[in-house]
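Multiple structures are listed underneath, in structure tokens.
Next come two complexes, and both contain subunit A; in the first it sits with subunit B, in the second with subunit C.
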Partner chain A sequence: MKTRLSSVLLLLLILGSSLVLRASRYDYKTQDRDAILAPATAQHWTGTDDLGRDRAVRVAAALLIGLTGAGLAAALTTAIAAAFGLLAAFSRPSSGSALMFLSEMFLSLPWFFLLMMVRSQLPLTASPAETAVATFLILAGLGWPACARAIYRGALELRSAEWMIQGRMCGLRTGQLIRRHLLPHLRFLLLPQFLVCMPAFLVAEANLGALGLGVGEPLPSWGSLLLELDNSALLARSGWVYLPIALLVLVLLILESFSAEEHINV
Partner chain B sequence: MNLLMAIASRVARTLLLMLFAAAGTILQVRFAPGFFSDPREMDGRYAQAARIEMQEQSSRQEFAGRSAVNQVEGWFRGDFGESRQYGVPVSDLICARLRVSGSLLVRGLAQGWLLALCAAFPVSGLRGGGTLWGAPFTILLAIPTAAMATACILSQTGGPILVLTLLIASREFKFLHRLLTQAWRAPHVLQGRAQGLSVFSLVRRHILPNVAPQLGALAALSIVTALGALVPIEAIFTVPGVGQLAWSAVMNRDLPVVAAVSLLMALLVRVTGLVTTRTLALEGA
Partner chain C sequence: MYKYLRLNLALAGMAAVLASFAEGQSAPRLPGEIAWAIHSDPKTFDPAKVDEQASEMVRYLTGGVLLRINRKTQELEPQLAESYHVSQQGTEIEFRLRSGLRFSDGSALTSGDVAWSLERILAPSTGSVVADEFLLPAQVRVETPDRVSVRIHLSKRVIGVEKIFDQIAIEPANRPSEGRVTSGPFTVTDYKRGQYLRMSRNAYYWQRDSAGRQLPYASGIRLDVQNNREQEISLFEHGQYDLIDGLPADFFSLLERRSPESVHDLGASLNTEQLWFNQSLAAPLPEYERAWFRNRSFRVAVSEAIHRADLVRIAYDGHATPAYSFISPANRLWYNTRLIVTRESSTDADRLLSESGFHRSGNQLFDFAGHAVKFSIVTNAGNPARQRMAALIQQDLGALGMQVMIVALDFPALIERLMHKQDYEACLLGLSDTEPDPSSMMNLWLSSSPNHQWNPSEKTPETDWEAEIDRQMQLQASSASQQARKTSVDRVQQIVADQEPFIYLVYPNVLEAISPRLTGVEPSIMAPALVWNIERIRPGESSGKAEGR
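Then we have the complex of A and B:
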């Protein structure tokens, strides 16, 4: 029931954002010089920012970009974790230990610190689209180690299960065993990892953006929209400035309810 | 003898991981675009001299692996190098800021845990309504640290300690609530309740000893969470701590500082990791 309600809410948010982007005559980077810091009007439903850009359009675009980016990054990091964990579990014990040592190395630094360090070393001349792709790729590239370790342990246990031995005796290759038998058994680890990563990546992008290391302007993102909160002049003029943070919290609550539900089901 | 070997192997592994993490950081920063850029390039008067100096520097540091080895050798001699950005020894920079960050960490962690425990204990004893009572923590969990810090600045309420407290409390409440709910529902606790033991004695004699190992592990993990949160909190509140130093060093490609901060962070994470593993091992036993 809770999951269904969350799914409907999320779907409504996505549909609403797509509709706003389609219905508005402005795009996320068009500057209306006659309506800088404008309050809500018929032209700009939720007002404009300090460059005269339509806030509703920017928030809608940020929501879609954030969800798409975080979704793809979460899928990628889950795939990397699965590949790494399975490789370690099915290789020689010494190679498996070496691979786990490598994953432990990534876990030796606090995640956000590592993220900030890697993200800040990218070229400063990158285009906004490139920074968006790079940010989410870095999130995906650094989010896998903890899950890979869990998958490694899970796969090691399953490797010696009777049905795996039976499969091997029947002549199934390792690849077939993993694809047909092991991965379905590891679903209880992979799906929660994906669901936990989605909100975590959205929060990380917002925090990076607030430090000036997120998606580059003029492309809208949660991080760049949160930076608007620093402008006290803007806050005094319009309450719509709080729209991005309100929507972000709503999206995160929805995503966290999915992961909590999955945890209960497991 | 076996115990000594196990301890030695664990310590050696920790040291090795720390070294690898720090060396990886050095190589990553060293290969970053703009590592050899110099602010003097922008000044017409010094452009020529700066360029010559930079060429000399880059020819000295041509081999990245060598610079990593030099840096690590320096650490063993107690020399962390000189900050490119501030022109002072890195050890002086970090030592001055350690106290600020340490105080922030200790106070934030202590208050966060106190808040989470005070909320989780009564809520875990309830038969229902846990979701409702936990709602404020769930909402807090969904607010990015940076947004929380900005809200504090705008409302002129609280500061870095409050943000860290709320962050830790919101994260730990979820785990503590689950842990304590399970502990309250344990058969021996139910038996104790049926026999009329007071809540205080149940908590002191039956619940706390049972959940202590998990609490220890959780506390160690929350140190890692707090370490990660130090960077945005200190950067946004301009607290002169290690997190702000790390942010400024990373943005300015200040290699010696980044490497030293990475080593420090890795040391703290590995030591808390050792504590966690030890606690879980005790629990297993």
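Then we have the complex of A and C:
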């Protein structure tokens, strides 16, 4: 019931954002210099920001970019984690332990600072779209170790399951066994990992953006939109400044409810 | 567990952004005390080793000086020195001290203390930045003919040598005390790193008001170390601070609505905000990009396309002045009023670019070899006005077909790129100019200087116009005639306006907030803008909230 409500809400947010982008006469980057911090009007439904850009369009674009980027990054990180976890589980015990030790080492790194370091090494001329892709790729590249550990444990248990032994006796190769039998059984681990990663990546992007290291301007992102909250002079001038944080919290709650529901089901 | 750890870490970062809304706390105010915020801890209390703003403020408040520049009239006034005389050749300066001068511990201040303080500044082991202003500090000799006379011999004329003494605090000979024993209006009494610095009045300070009352009026000063502007403003509104020096434009408008009588826009400051392209041959840039940046027409076209009025109105909420020269109109003595400047016009910019071999294809500009004109502008993170300017310029240049990326870096990373790696294409930054005399800008304009930012440390000037700037700057630095100096500086301003190595954007206005409980504050455009006459500022009764709200 709760999941259904969350799904409907998320779908409404996605549809609403797409509709705003299609219906608005403004794009996310055009500055209307005669309408700086304008209040909500028929032209600008939720007013404009401090550069005269339409806030509704920018928030809608940030929502879609965030969900798409975080979704793809979460899928990628889950895939990397699955590959690493399975490789460790199906290697010789000593190699498996070594691989897991490697992932533990990776996990112990101060990942947020690592993230900032890697992100700051991007070429200065990277376009906003390239910075968006790079940001989410970096998140995917750094987010897999904990997930890999869980998959390794799950795969180790399943490796000695009766149906696996039977599969091996029937002549199935390891690759076939994993693809046909193991992965479907690991779904109960992979899906929660995906659902946990998604909100974490959204928030991580917002943090990077707030530090000026996220998606490049003028492409909107949660990070760049939340930066407005750092200026109390702006807060006093327009209540619509709170719209991005309100929507981000709503999206995070929806995504969290998905992962919580999945945990309960497990 | 992992999920919550990651989310908590991430949310903790977000909380840091939101934390700025929390109301700050400050140390309790003592009776008769004036309080305001400095934005970092002083690096040193030793007045001879000052090289940053917070330490400079402490030196100003505690250090007694021979001569002081009146920040209002911009003229020199005798302080510990009763009188002074500069020889015709400009190589000898003689001071006569006031009689009965004392340090804050009651000991007598004599010419021996002055000589010791000067020699300490000049000694290479001290590492004083002030010493360099004597040009050849090692060859400066100090004599003390008697207890109240000090004679200084220079090996070479130094233009405006008297002004250097505004920065030299006189300390007790052989007893450097880091601000505890001073000849200025206040002495340091308490310092808690990262929290506050407390000073109390010097009971032996030499100055009296016209009624014969000993100055300073205030019993003490508390400087809170506070780098959060929002908290600073909140504490000002709650009457915990008496002053805010250098109010950001956004907050000026906010405070203006709540307490119009406490904010003051003093007009254009001496500071500039500018954009420049990296023209250095040592920069790791493709040759075709360097060729754009070294092309005068390209730079002028960029300048013509930028709508400075929009920068003023949108980025600074109207509290700035469009800029076309490195000298602000606030610097009345040196500003070139007959300067011929770039006319803002996208059409002219388009024409200039096409005459230089650039062409448009759709929305993209290409050079004659077919390279898309695409570059990044680096600036520092955490300066909303500057970031807004960058975004406005991005759109202005987009209208010419230039694809501009904005990159906001933290300050150390930015300085590393600018000064060491020279790994950037264009930069948007500001320069603070505390000294109106153009001699203080030598390190910026001489082509051999490492601070000649568009092309640092040239062995010989790479262009004729840079050679001419070098020549004119040397002329103004060595000429004894004010008229000749002005002519040279006017010429440099015109060359810079023609060549646009720096594309000047705005002069941010001097924005200040002063509590109505203070009397005697005379805001100035020169630092320290609000407290330059600190000894004559009188605190009124303290209250919980800012009066007059």
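Criterion: the second predicted complex is superposed on the first by the 266 of 266 C-alpha atoms of A that agree within 3 Å, B and C clash if a C-alpha of one lies under 4 Å from a C-alpha of the other, contacts with A are read in each partner's own complex, and residues count from 1 in each chain.
Definition applied: contacts are C-beta pairs under 8 Å (C-beta built on N, C-alpha and C of every residue); 3 or more make two chains touch, one makes a residue touch a chain.
Just so it is clear, the model here is predicted, and its values are computed rather than measured.
Taking the superposition as given, does A:51 touch the first partner, subunit B, the second, subunit C, both, or neither?
The answer is second: A:51 touches subunit C but not subunit B.
After superposition on the shared chain, which partner residues are touched by A:113: those of subunit B (first), subunit C (second), both, or neither?
first
If you stack the two complexes on chain A, which partner ends up touching A:253: first (subunit B), second (subunit C), both, or neither?
first
Quick one: is A:146 in contact with subunit B, with subunit C, with both, or with neither? Answer first, second, both or neither.
A:146: touches subunit C, not subunit B.
When the two structures are overlaid on chain A, which partner does A:191 contact: first (subunit B), second (subunit C), both, or neither?
After superposing on A, A:191 lies clear of both subunit B and subunit C.
Kindly classify A:200 by the partners it touches after superposition: subunit B alone (first), subunit C alone (second), both, or neither?
A:200 sits against subunit C, while subunit B stays out of touch.
Taking the superposition as given, does A:105 touch the first partner, subunit B, the second, subunit C, both, or neither?
Once the two structures are laid over each other on A, A:105 reaches subunit B alone.
For A:211, select first, second, both or neither according to whether it touches subunit B, subunit C, the two together, or no partner.
both
Is A:133 in contact with subunit B, with subunit C, with both, or with neither (first, second, both, neither)?
In the superposed model, A:133 contacts neither subunit B nor subunit C.
Share the list of subunit A residues that count as touching for subunit B in one structure and for subunit C in the other.
In the superposed arrangement, which is not itself an observed complex, subunit A uses residues 112, 120, 124, 199, 203, 206-207, 210-211, 226, 229-230, 232, 235 for both subunit B and subunit C.
Flag every residue of subunit B that touches subunit A in the complex, lowest number first.
Touch list, subunit B to subunit A: 17-18, 20-21, 24-25, 28-29, 31-34, 138-139, 141-147, 150-151, 154, 224-225, 227-229, 231-232, 235-236, 246-247, 250-251, 253, 258, 262, 265-266, 269-270, 273.
Would you mind writing out the residues of subunit A in touch with subunit C in their complex?
Touch list, subunit A to subunit C: 29-31, 33, 36, 50-52, 112, 120, 124-128, 146, 150, 196, 199-200, 203-204, 206-207, 210-212, 216-218, 226-227, 229-237, 259.
For subunit C, which residues count as touching subunit A in their complex?
My answer: residues 2-3, 6-7, 9-11, 13-14, 17-18, 20-21, 230, 233, 248, 250-251, 253-254, 310, 313-314, 374-376, 378, 381-382, 384, 388, 391-392, 394-395, 403, 405-410, 413, 424-425.
State the interface residues of subunit A toward subunit B in the complex, per the touch definition above.
101, 104-105, 107-113, 116-118, 120-124, 199, 203, 206-207, 209-211, 222-223, 226, 229-230, 232, 235, 245, 248-249, 252-253, 256
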